[in-house]
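Chain nomenclature is as follows: A, B and C, assigned in order of appearance, with residue numbering initiated at 1 for each chain independently.
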Amino acid sequence: MPIQSFDVVVVGAGIAGLTAAAMARQQGFDTALVATGPGRFIYGAGWFSADGNKDMDPEALEKAIGLFRQMTDEADCAFAGNLREPQLLPTLMGDFLPVTLAPFTLWNAAPSAGARIAMVGIEGLTGFDENFMAERMQAAASGLGISCVYKARRINISRDLGLPLTPTRLANCFDNDAAFRAELAASLSAVAGDCDRILLPSVLGFQSSGTQLAQFIAAVGTQVGELATLPPSVAAMRVQNRLEHHLRNQGVEFYRGFPVRRLLIENRRCTGLEIDGPGHGTTLHAQRLILAAGSANGALLGTAEFQTDEALHPVTSNGALVANNVTLATTTAAAQHCSLAPLLAGFLAGSRMERTEESYAA
Amino acid sequence: MRHEQENLDACLKCSVCNTACPVYRVMPQYPGPKYLGPELERMRREGIPTDTRYVEYCLGCHGCDVACPNQVAVSEMIAEAKATHHKQPIEALRDWWFARPALLGRLLTIVPSVSNLVLSLKPVRLLMAVMMRINAKRVFPAYRNPDLKSKTEPKADAQHLIFFPGCSIRYNTPDLGRDVIRLLELNGYSVEVAETDCCGVPALANGDIEYARSRARLNLDVLSRYLRAGAKVVTTCSSCGHMLKSGFGGVLENEPDKAEALRMLAENTRDVGELLSEQSDAGKLNTNFAETPLKLAYHAPCHLRSQGIGRPWYHLLGQIPGVSITDLDAGCCGMSGTYGFKEEKYGISMAIGSTLFKRIAETAPQMVTTECATCRMQIEHGTTLTTIHPVEVMLKAYDRH
Amino acid sequence: MESTQVVIIGGGATGAGILWDLSLRGIPALLLEQGDIANGATGRCHGLLHSGGRYAVKDAHAAAECLKENLTLKRIAAHCVEDVGGLFVQCAQDDAAFFDQWDRAADATGIEHKFLTADETHALEPNLSDDVVGAFTCPDAHVDVFRLVLANLEAAVARGGHYATYSKVTALDRSDKGICGVHFTNTRSGEEHHVRCEVVVNASGGWAEATAALAGIHVPVRCDKGALLVINHRLASHVINRCRKPGDGDILVPAGPVSILGTSSMQVPGPEGLTIANEEIAALLRVGAEMVPELADVRLLRAFCGVRPLYVPPTATGSGGREISRGYALIDHENNDGVRGFVSIVGGKLTTYRRMAEAVSDCVAAKLGVQGECKTATTLLRPNASTHHHKRADLLPWAAEEKLVNRLGPNADQIFADIKRRPELAEIVCECELVTRAELEYSFSQDNPLSAQTINDVGRRTRLGFGPCQGTYCGYKAMLAGYQSGKWSAEQAAREFATYLAERWKGQAFVQQGKQAEQFDIGHELYATAIASTEKQGGKDANSIL
């Protein structure tokens, strides 16, 4: 089996790229994923907002969400939510945003009538203030006619995790140290009081699986929800890490950290790409290519002015086909922030893969 | 390729580098690559005195560079800052030696049996711990008579390769070096060992940029001759490979007369695994493997990942019948060459490696295979397993045939 | 305050300088500024402390004045000045004769300068274009405009002076004795105030015409807009001037960790509602790149613009903004318009602010019958600045400590004591500019005579949010600090932050080339929805100037 030849090469490790790669692998294709950073998902809280849904085809979106939920279930970073019932989730400004899909710890932060919610801050934690959030969310909830009560609480961490204490350091400790997880669970339990839910800034690990989180919440003894913080978003990175790890376990070959120097296209057919790296770079051969590199797609195609045909192949502004085996994971709708658009784009691109005689997979 | 001037401006403060940094993960006071790299660099350009309290805790693993969405040369900026760091006398003397493994190697291989004996004596190690702050628990690699002469003959029409062995092979495991040559000869190459010196990675890591520069110039001189004749350079130590491919870590950036030679070197260096996987894809790999039942776990060294060439050895070994191989995918081992030997860094080194050790225990392989010599040292120190270089595995498969 | 002797309208360098001068003479005064300090031209320029080289050829008098003040400010405001030195560079395509002309003019004016060959110039400044064939050194410097204004205010307050920001003058009382009172509104609370006085000084720069109109007087001010660009890092360690007839884009100033390129010149109807066209920015970069090629695609943090308030004397006929003299005019309206107790100061430039303030204060003192000479040229703004040797406290990273001590001087001791008591105050809140939590809290503190009202104010006092991320991360923390200090409710804090971000984003929106576009996107990713919802609730941009 050739080492640097693939049935499908995906460029981009954002939601679009990860989704397309998962679909390619699922269909049995020998798949590689080439990317520099993790894409823009990690700049947001880790959810998909409902803004912009109306501009997307509901049937396709439904399927894309179905696939994504399956993918994240397999990767043990399950998401909650569906198209029909967006939930209001708190932003880092303490107001609410309608969200379609979110990892279940973020989903748990939704307000509900009659709920008594402990808003828990951590002594010394920078970039988060539980009083601010409680005050804002109380006002926002009242404004929406939701009768829930937020009570600000604060816990102490005994470990010296350096100053300032940041969500990143807490998350790292959560990943590394079982004793810390136990201590945190106990502290949260202690301040829960008569509240039926606890909200805290997103610190529950960069690597934790859904199973581990469920165990943690069980140890606390009260429902726990995570809140969005300043970047780096722990919850979003957690999803990113788990999805990437899952894809690697499924056999997707990752080429990480170096940009694509150029696509190899001849006679309207892409034969592969060159990755820029130290030294002479690396050439990958590909039967099919999916471009999911967001704003970098244009540079790779050599033109910012491109469109796609019905098969999602790139087409120049004059209508000339660029390559018949390149599929673009791109959205025509103006991408709202944290929207489902990249997920849909990745899904649509991933569904276009056709099996041919030349497949390398056994 | 990573032009530092532009790169400072490419930083968007997203902090992804911090989440990728193994030291940041385990050391609470470590400010992280984002701060030590682009943020302090902006201050340095302003001419403000910047302290370098924590720069020497950087592993030099390039994890930050690889994680950065915008190709910021973070570790290069930190390496330059390391050069300005003022050390305490004990550490300064110790690190002076650590920066010069070739010198150390030449001295310790005069009478290797004596050197090995002395370095294994407990009282000597305790003394070294006190006088030089070298952790007493670490096992020094044995030194051997450097002998990289191949014991076999290449084929008549063999393609010529120049082997850059690196200090670890030259002075500690010359048998591995001879095995590399044999493996390449079995695949139709003829191999000449270049009279090269240390690649300079330990010098950079220990803040001795001037020495790194002198090694770079020396090596470039030796290798240029071969390159002009059209030969390719091969390495099997990932760190040496990264250095040769990256213009020796950029230390000769300000010498434009070297630029062309550096470019030629970068373009014509191959990791042995990289070379053989290209051969494999072209159908030219020697696949006379015998059934070799072996449960292996593979660990990708940081300096392999920073070359962006994928996991060639992982795939190559997977082709050997009987071999089952899993990728441990557990990040940095924590050793980083000389780093893990240092008393003040030992704890950090082991804390970083603990994830890998745990993953190894869960995987329960017979052996762990990895290209990097110090990764092997760390794995043998932190687990009860033996390690093996991928070249040895492949040779085993040929030899049994 | 019910009454004072002098009310100064305008909190730029000139107004603040006048407050200091009057306070030194023991004359009670109140300064009113409609926005925050340095709201007008002062806060929207290069921050170049001219050596006079730029004017030497065309206007020897202005050049000499600049030089004198340059040397004076380096003494009295040493802690506000980065004495980086300047270069007047000759590009191969420029008129060689002008280079010689400049040399002679600089000699005549007394500007210390030395000729550098092409090699010497490039050795000093490697980023200069190969087209640069030589240069003259000169004593140009960079002055932190906000620090300068704050220094004057701080010194004045210590001597009994008063000032109020966010105080917009709405009406002037006029009796048969002349102007005798000022009505002003607090633009943040809406409260109305009144203060009686004997003299009103109109130092409101671009608004001078509008202010004078409150007294029924016509003071013709031409508003000439200049646009400037902030570059992410230091391209040069000296001020780089193009040695040719003054034009657009021919000055590059190192300003802290950034560089500022400017400027342009075009007439605009007034000091507000300013905008910058893409072509203006492109033109600045094009010309700038002739001196420093990297400017063609370097990362720009933001664009900003300000208005030069040029006095148009009734007899002037010149058309271009640069043609009208950069000299200033002191108008005593008692003589000019028969209105007592009202004086306007118009025109001028930052470098000569102290001289302008001196002229005004002499005039005002004479009116009030107060004897004594101006002492501002010889009185240090920060008394212990030069002798205050700071022993390294090692509580902070060195770079952060250096910046903090430079900003706060003797007040830094209190900050270090605070940090010893509460180690969490050592947190670097603004990572781009190394601003500590201690300083952030101090900005909002009641004990601080120069305290901040908004997050932007914090920026002007500490440089928080002035770096590459433009407040994306630190602005949020500043908001929380304001909330935690009790200054704002959560609701107010959110609105303050929305206002802050809108201002930070406006400046970036003009320069979305390369990486700043991505930075901008991250900010929107984080906050756009939150800002939108806050704006829906009535958040307003108090300061509508770019």
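FYI, a residue touches a chain if its C-beta (ideal position, glycine included) is under 8 Å from a C-beta of that chain, and two chains touch if they have at least 3 such contacts.
This is a predicted model, so every value here is computed, not measured.
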From subunit A, the most remote chain by mean C-alpha position: C
Pair joined by more contacting C-beta pairs (A-C or A-B): A-B
Geometric centre: closest chain by C-alpha means: A
Centroid spacing, where centroids are CA-atom means, of subunit B and subunit C in whole angstrom: 52
Separation of mean Cα positions, subunit C and subunit A [Å, integer]: 44
Inter-chain centre distance, subunit A versus subunit B - centres from mean C-alpha coordinates, in Å: 33
Residues of subunit B touching at least two other chains: 14, 70
Shared interface positions of subunit C, touching two or more other chains: 473, 522
Multi-chain contact residues (two or more partners), subunit A: 43, 231
Subunit C contact footprint on subunit B (complex, rising order): 5, 8-14, 31, 34-35, 39-40, 42-43, 45-51, 53, 70
Subunit A residues within the subunit C interface of the complex: 40, 43-44, 49, 51, 91-95, 97, 124, 126-129, 131-132, 135-136, 139, 163-164, 230-231, 337-338
Subunit B - residues contacting subunit A, complex: 1, 14-16, 18-19, 24-26, 28-30, 65-71, 242, 244-246, 266-270, 277-278, 280-281, 305-312, 315-316, 319, 327, 329, 351, 354-355
Complex interface listing, subunit C residues touching subunit B: 232-234, 237, 254, 256-257, 294, 298-299, 397-399, 402-403, 428, 431-432, 434, 467-469, 472-473, 514-515, 518-519, 522
Complex interface listing, subunit A residues touching subunit B: 1-5, 36-39, 42-43, 160-162, 168-169, 172, 175-176, 206, 231-232, 237, 245, 248, 253-259, 275-282
